[in-house]
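Data block below; observations after.
Labels run A, B, C and D following the written order; every chain starts at residue 1.
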Amino acid sequence: MNARQLDLIFAALVIGTGITWWLGETGHAGPAAVVAILAIAAVKGMLIIRDFMALRGIGFFWPAMVMGWLLLVQGIILATYWKGH
Amino acid sequence: MAGTFTTSMARNMFFGGTVFFLLVFLALTFQNEQIIPQRDQRAQLDANPAIAAGKKLWETNQCIGCHTLLGEGAYFAPELGNVYKRRGPEFIKAWIKTQPTNTPGRRQMPQFNFTEQQLDELVAFLKYVSEINTSNWPPNIEG
Amino acid sequence: MNPGQLALAETPALRPGFAIGAAHSRQPPGDLAIWVFILAELLAFGVFFISYAVTRLHNVALFDAMQLTLDRNAGALNTVLLIAGSWCVARAVAAIKADRRAAAADFLLGAIACGGGFLVVKLFEYSAKFEAGINLATNTFYMFYLSLTFFHFMHVILGMVILLAVWLKARHGAYSAAEHHGMETGASYWHMVDLVWLVLFPLVYVMR
Amino acid sequence: MQYKSQAVARLYFIAAIGLFVAQILFGLIMGLQYVVGDFLFPAIPFNVARMVHTNALIVWLLMGFMGAAYYMVPEESETELFSPKLAVLMFWVFLAAAALTVLGYLLVPYAGLAKMTGNDLLPTMGREFLEQPLPTKVGIVVVALVFLFNITMTVLKGKKTAISLVLLLGLWGLALFFLFSFYNPDNVVKDKFYWWWVVHLWVEGVWELILGAILAFVLIKVTGVDREVIEKWLYVIVTLTLITGIIGTGHHYYWIGTPEYWQWWGSIFSALEPIPFFAMTLFAFNMVNRRRREHPNKAATLWALGTGVMSFLGAGVWGFLHTLAPVNFYTHGTQITAAHGHMAFYGAYVMVVLTMISYAMPILRGRAANPGKAQVAEMWAFWLMTVSIVFITLFLTAAGILQIWLQRVAATPMSFMDAQDQVALFYWMREWAGVVFLTGLVVYITSFFVKGETAKA
């Protein structure tokens, strides 16, 4: 991972955070907003795991554990919001 | 060197993790000390010295060796954290005075030869415990 | 934890010196000890997050009302600070791999500064809440808000302590393109702290 | 035996087994009193039998830990003990204190004992497991400090290994947290809160460090696996233990007047407490499977594996069963707690001490391992005791579930004593399982006297 790629990922993460913040500030709520926010968080998490943590291309076990954690937690969160809607 | 597992790093993890979680626990304890005055009826302790005297009687006669108090103790005899609410003061005193029942085959409680004042102190202690905020435990009056 | 991983690290063929391709491509960066710790931490946070979500399900009105009292700007600012910290750490590792030792140390310092910024913002946020008389017994939402953010706050401090140790070593030239095991270990932990916050922020501050 | 001074361990092990017998006998008395209420009344009321049962257990486990430390530390540090004489002296002080305390419990009414021993100076007596009179408590502190001094000095003058480091931390923690037994405020909530700093932070904290260290030591010896591998496992296990167990203390703070946030912190972290025990099970089996030698002491290996499995079942699984706050609301203070307590103490601490004794005793007696027949007897004892503790646990669990149903859940709840009458059948079955346990213990002791061919240590 070269410096330029890291910078791009950093920019993407900041933009993602900005969108999440904007959704909150403009009072977006309900299923569509929840899905959008979770999707952004999932993408951000994946970028961190793959490129910052550098778990990309090291086989199955470790990326699966950490990404699996992220997706499982987010999946359950989504399910509870879905049910509570 | 990706993938190595060094003993020194394992030791660091052990020390770091232990100190870390001890600190979190101490912070939770600090918060605990700040909140319990709303729940533990400490004003009663200052107002009525009989409660402390009753606690001492509770301890020096080893009541916890058979009974539970707020669910902690031995499980041989009834829960006494809420006995004041379940039975009332007069029943408690009369019960203690008439022990042991000597009914064959039944569990026996010793006779402690308390004075009337000591009985009142024990009752004051049990009343105080029954008023501690236990988050609605036990599930019902039977304890 | 995967017992096989522990065993694997002991196999002579995968020890440094013998470690060619295979070892590098199958193990995460840094020491496996930190990865055991990371998995344990992720598990604890995961259970905490799920508890929050399930409890919210039973108290939607309370949680939605209370969430509005949080300082979302502070939360977003802190997210950016943590991301920036993570980026610094990633750049530090990239720098040391190119044997740019001074740059690596500077990037680590940048990450530590970001962590410090996070703590300051968080303390302002907390002091506003404490002045309002809010504590862990206020209500279920605040119990979770304070518990989750405080537990994470402590992790930021621990992450900074680790980075500080790595930075001190880096400044003394302990790391190089050939040997930066310790730096990768600290970096991995710091990214975990960041990752957890990326779930925490939307969950507690934004989603409704 | 590599170092002469290791021999002091033998005294501690013998006394431990002696107190073990006392513990079981009083356990059987209590078990019978559950169903024949007036058995031995008023000579030995239930509370007295229980004090002897629990205090004997604590003291014999401490004896076992100390014996284990005296055996392990010279070998780990590769040097003689700092002072074997001090170790022997402290043994006799400790044994005398324990014997006097038990005699006090049995011969003097508790209130009289409190008066005689100066409880008025600093009231500490009459709390569960901390019933010891003030002089005994002070004695425990003195013995512990002298013991720690002796062990620490030995480690300091010799080699410092991960095992002795973890062991030392566990032992120092044990002494440190015992100091909270001297804190007894009138405020019941605070009393209970800090009481757990002794009880919980012992059994789900520092004692597990001792357990891990002993197990690691024996596994190195009987499997011949690299010390490096075993020490890494040890660190991982004790780390997981403390990061879950320290905050896991919160699972005792649900219903004793403490704030409700403990229900969350306690539930979450104690739900993770089975993980280190599971790691310990994996550890024991993994190491034995990867063994590089066939140690002649098969019994010790069996005990080590048994510790891994039974501590996971007793402490991990049975602990998890009732650790979540919504479940604990119903199970708190019932026979479920007793069920968990029996299997956890046996599976973790009794078994690890017996593992150590099983490994070290033959060597202390000048042989690598006991003769085959003696080992067969010991393994019989292992199975008799282990299977009967499983049944004791199952019967108490059944009794607890029924008790909860009748007394706490049913539409018209029964009173405590009425519910007890309904579950009497399970108490009878528990008592019979206890008799089997005693049989196992007798077989165990007999195994020390079975003669046969042995190889020199």
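Just so we're on the same page, a residue touches a chain if its C-beta (ideal position, glycine included) is under 8 Å from a C-beta of that chain, and two chains touch if they have at least 3 such contacts.
Remember, it's a predicted structure, so these values are computed and weren't measured experimentally.
Student: Any chance you could check whether C-D or B-C wins on number of contacting C-beta pairs?
Tutor: B-C
Student: Using the average of all C-alpha atoms in each chain as its centre, how far is it in Å between subunit A and subunit D?
Tutor: Comparing mean C-alpha positions, subunit D is 46 Å from subunit A.
Student: If you average the CA atoms of subunit C and of subunit D, how many Å lie between those two points?
Tutor: Chain centroid spacing, subunit C to subunit D, equals 37 Å.
Student: Between subunit B and subunit C, what is the separation of their C-alpha centroids in Å?
Tutor: Here subunit B and subunit C have centroids separated by 40 Å.
Student: What's the distance between the Cα centroids of subunit A and subunit C, rounded to whole Å?
Tutor: About 15 Å separates the centre of subunit A from that of subunit C.
Student: Touching at least two other chains at once: which residues of subunit A meet that condition?
Tutor: Counting only residues that touch two or more other chains, subunit A contributes 58.
Student: Residues touching two or more other chains, restricted to subunit B: which are they?
Tutor: Expected reply: 2, 5, 10, 13, 17, 20, 24, 31, 35.
Student: Hunt down the residues of subunit D that sit against at least two other chains at once, touch-wise.
Tutor: Subunit D, residues with two or more chain partners: 228, 232, 235-236, 239, 243, 259-261, 265.
Student: If I apply the definition of touch given earlier, which pairs of chains qualify?
Tutor: After working through each pair, the chains in contact turn out to be A-C, B-C, B-D, C-D.
Student: Which subunit A residues qualify as touching subunit C in the complex?
Tutor: These residues of subunit A touch subunit C: 1-3, 6-7, 9-10, 13-14, 17-18, 20-21, 23-25, 29, 33-34, 37-38, 40-41, 44-45, 48-49, 51-55, 57-59, 61-62, 65-66, 69-70, 72-74, 76-77, 80-81, 83-84.
Student: For subunit B, which residues are in contact with subunit C within the complex?
Tutor: For subunit B paired with subunit C, touching residues are 1-6, 9-10, 12-13, 16-17, 20, 23-24, 27, 31, 34-35, 38.
Student: Any idea which subunit C residues touch subunit A in the complex?
Tutor: 2, 5, 24-29, 35, 38-39, 42-43, 46, 49-50, 53-54, 56-57, 60, 64, 72-73, 75-76, 79-80, 83-84, 86-87, 89-91, 93-95, 184, 188, 191-192, 194-195, 198-199, 201-203, 205-208
Student: For the complex, which residues does subunit C have touching subunit D?
Tutor: 1, 3, 6-7, 10, 33, 36-37, 40, 43-44, 47-48, 51, 136-137, 143-144, 147
Student: Would you pull the subunit D residues touching subunit C in the complex into a rising list?
Tutor: Its residues touching subunit C are 226, 228-229, 232-233, 235-236, 239-240, 243, 259-261, 264-265, 267-269, 271-272, 275, 279, 282, 286, 290.
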